[in-house]
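Look for chain A in each of the two complexes below; its partner is chain B in the first and chain C in the second.
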Partner chain A sequence: MTTEPLWEVFIRSRRGLSHVHAGSLHAADAEMALRNARDVYTRREEGVSIWVVPASAIEASSPEEKDSFFDPAGDKGYRHPTFYHVPEGVQHL
Partner chain B sequence: MYGNDYETPDAQRARQLEDTPESFRELLATEGRVEPRDEMPDAYRRTLVRQIAQHAHSEIIGMQPEGNWISRAPSLRRKAILMAKVQDEAGHGLYLYAAAETLGVDRADLLDALHSGRQKYSSIFNYPTLTWADVGAIGWLVDGAAIVNQVPLCRCSYGPYARAMVRVCKEESFHQRQGFEILHTLSHGSPAQKAMAQDAVDRYWFPALMMFGPPDDNSPNSARSMAWGIKRHSNDDLRQRFVDMTVPQAQALDLTLPDPEIRWNEDRGHHDFAEIDFTELFEVIKGNGPCNQQRMEHKVRAHEEGAWVREAAAAFAAKQAAGEGAA
Partner chain C sequence: MTKGLTRYLLALGDDALVSSQRMAWWISRSPQIEEDIAMANLGLDQLGQARSLLAYAGEVEGNGRSEDDLAYLRDERDFLNVCLVEREQKDFGVAMVRLLMFSAWQHELYAALTGSTDLTLAGVAGKAVKETAYHLDHAEHWVLRLGDGTEESHLRMQAALDAEWPWLAELFDNSFVNEDLLLQGIAIDPASLRESVEGRIAGVIGRATLARPDVADALSRGREGRHTEQMGYLLAEMQHLARSHPEVTW
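Coming up: the complex of A and B.
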């Protein structure tokens, strides 16, 4: 027996929110994947919209290089508002 | 774990932590979560695959005892509820298979391991459902015990397993309640209905207690799973927790748990209960339970009889893909 292709499932839980990864499933094609996703991941009205993406189409950053990959952001505290000194009493800043 | 191989749980824990990658050790030490592509010891991966697959198989096989009563549920309300519950169990199996696959195993191989008996499922599903009250007893006691087992797994060190368990636990709570409600209705019905409810509880109580596994002093892999953050509480602790929460529920049902030794122990702050005879559990695990053969035959038959559906879906997908290419 061969296993059907793997799909990653993303669900928008209500209008105004992004799609969020919910899990994965196997299906022969995209349409079956959508139907299966509805049955597997939205039995309790957890979603108003579903994306299915072939798992093979996802390119992921590698955990081994997580340090070097994310390092450039590490020493740039000045990208956050808390980096700055604001004199006492100054408002709306 | 016997004879020459014996080492104390502490020594075993220390040794296990020695042959582990530094990054993995650091994650465990900081209560971080291990994700699929992280470095992890082989034994950790193998243990997880075995446990998650066995858990998935249990959800799938677990549909059978209750499925047995869908066509004979006493009302449309009960039938709709039972169908929803059994469908949830299918969903649980699918979440768990997906979690196992993140560890690099193939779905087809997992199913094959179940069908050929190389991997097991929970022994509780090898007991028959003789009456409608058994559906109530399963929801109340079997799902109840499963919840006690599963809640700590929501904090398991392996991310995909923990996330699957969060979904599962959310869905389980109605399973236990509907079982409780079935028994409550029967218990407050005619004398015959009450007797039926009592009989179901009598038969399911000890098997439910055995769902927590062998006692701590005879549970060879527990210490290692605890060190790895897969297991958070010992078998006996979880069993005790289940007894403590179930005793008052039985009183509310006006049903008796079939153990005359159950009584509140002021000093321990827990209920005492009879020592469990695990010879039965080991017999059922070996394949000698009342329904082992029936469960496996049914599962294999359903899989084989469904082959044409999978083949048709694959053929249709291939045709569509070819059509798109030509257009």
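Coming up: the complex of A and C.
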């Protein structure tokens, strides 16, 4: 039933990590979207938490704005924290 | 006693196996692709329950029959599942009403069996009780939406409920359960689940604006191995490969 609204699915794979976009699906409402997400995207123990967001609620950047949005960051190496030493044992950095 | 336990395990295992086979029919036929996957998940949960129960039944029986032997090489009269789960369900409303009934019963049953004095059975129940909680949740959400949906969906859900209701009573039939199993705390008397299961179902159908059917119980004797006409066709499909190509693997 493609008349049902589209939802974007975000999965947190384990505690301490962020929710990451996993994909999208159709569902009539938020509760069903959450259940569909559980069935479609966490079949192989991929997650401990799920968010579903109406796709219509997402404002996306446009490919036409690519130059003005992203290119200016290209030559600013001083923004990268390459002058620090990462302490041993720190994960997910 | 051994015979009684084997029979009890076969009955519960056959319920899960036959229901699983009916659930699998929905793959590629559900109202949405997301539901195809959900139905497959639910069916595979039930298949997992069936495998554990049938494997254990074979072990208790002591004649060297494996789970596959029991699933694929028994004939219709040897299957002890309730007739509720064997009948065709080519209407999505029927599938959801039946899942509501069956999972409500399975959930109460497995919750009680987690306290079984048979530790293998308690272990199987401990795993299954989480699965059936989700099955029940899934069925409940669909019954609510379709029952309290459009005029058309409401009419079809009421028809589905009326058609399934007569087959509910057999879930509470305790004539096949050996009394020693009850005395020793191994098995659960299905009749003792009736109030809680019917209460749970009644709560959902009430919220779904559906009426509790006023219909007589069907003459349902699956626990004695006496099945409806559709059972033979189900077994033919389910067992064909294993019987035509013995020992086949892939």
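In this text, the second predicted complex is superposed on the first by the 78 of 93 C-alpha atoms of A that agree within 3 Å, B and C clash if a C-alpha of one lies under 4 Å from a C-alpha of the other, contacts with A are read in each partner's own complex, and residues count from 1 in each chain.
One rule holds for everything that comes next: contacts are C-beta pairs under 8 Å (C-beta built on N, C-alpha and C of every residue); 3 or more make two chains touch, one makes a residue touch a chain.
Remember, it's a predicted structure, so these values are computed and weren't measured experimentally.
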| item | value |
| --- | --- |
| Touching partner for A:Ala60 - first (chain B), second (chain C), both, neither | first |
| Per-residue contact with chain A, leading partner among chain C and chain B | B |
| Chain B versus chain C as contact partner of A:Thr3, first or second or both or neither | first |
| Touching partner for A:Arg43 - first (chain B), second (chain C), both, neither | both |
| Touched partner set for A:Arg35, first chain B, second chain C, both or neither | second |
| Chain B versus chain C as contact partner of A:Gly23, first or second or both or neither | first |
| Shared chain A contacts, counted only where both chain B and chain C touch the same residue | 1, 4, 25-29, 32, 39-40, 43 |
| Of chain A, residues touching chain C in the complex | 1, 4, 25-29, 31-32, 35-36, 38-40, 43 |
| Parts of chain C lying in touch with chain A, wherever the complex brings them together | 31-35, 37-38, 41, 134, 137-138, 141, 145 |
| Residue ranges of chain A in contact with chain B within the complex | 1-4, 6, 23-29, 32, 39-40, 43-44, 60, 62-64 |
| Partner chain A, residues of chain B touching it in the complex | 35, 37-39, 84, 87-88, 91, 94-95, 98, 101, 106-108, 111-112, 163-164, 167, 171, 307, 310, 313-314, 316-317, 320-321 |
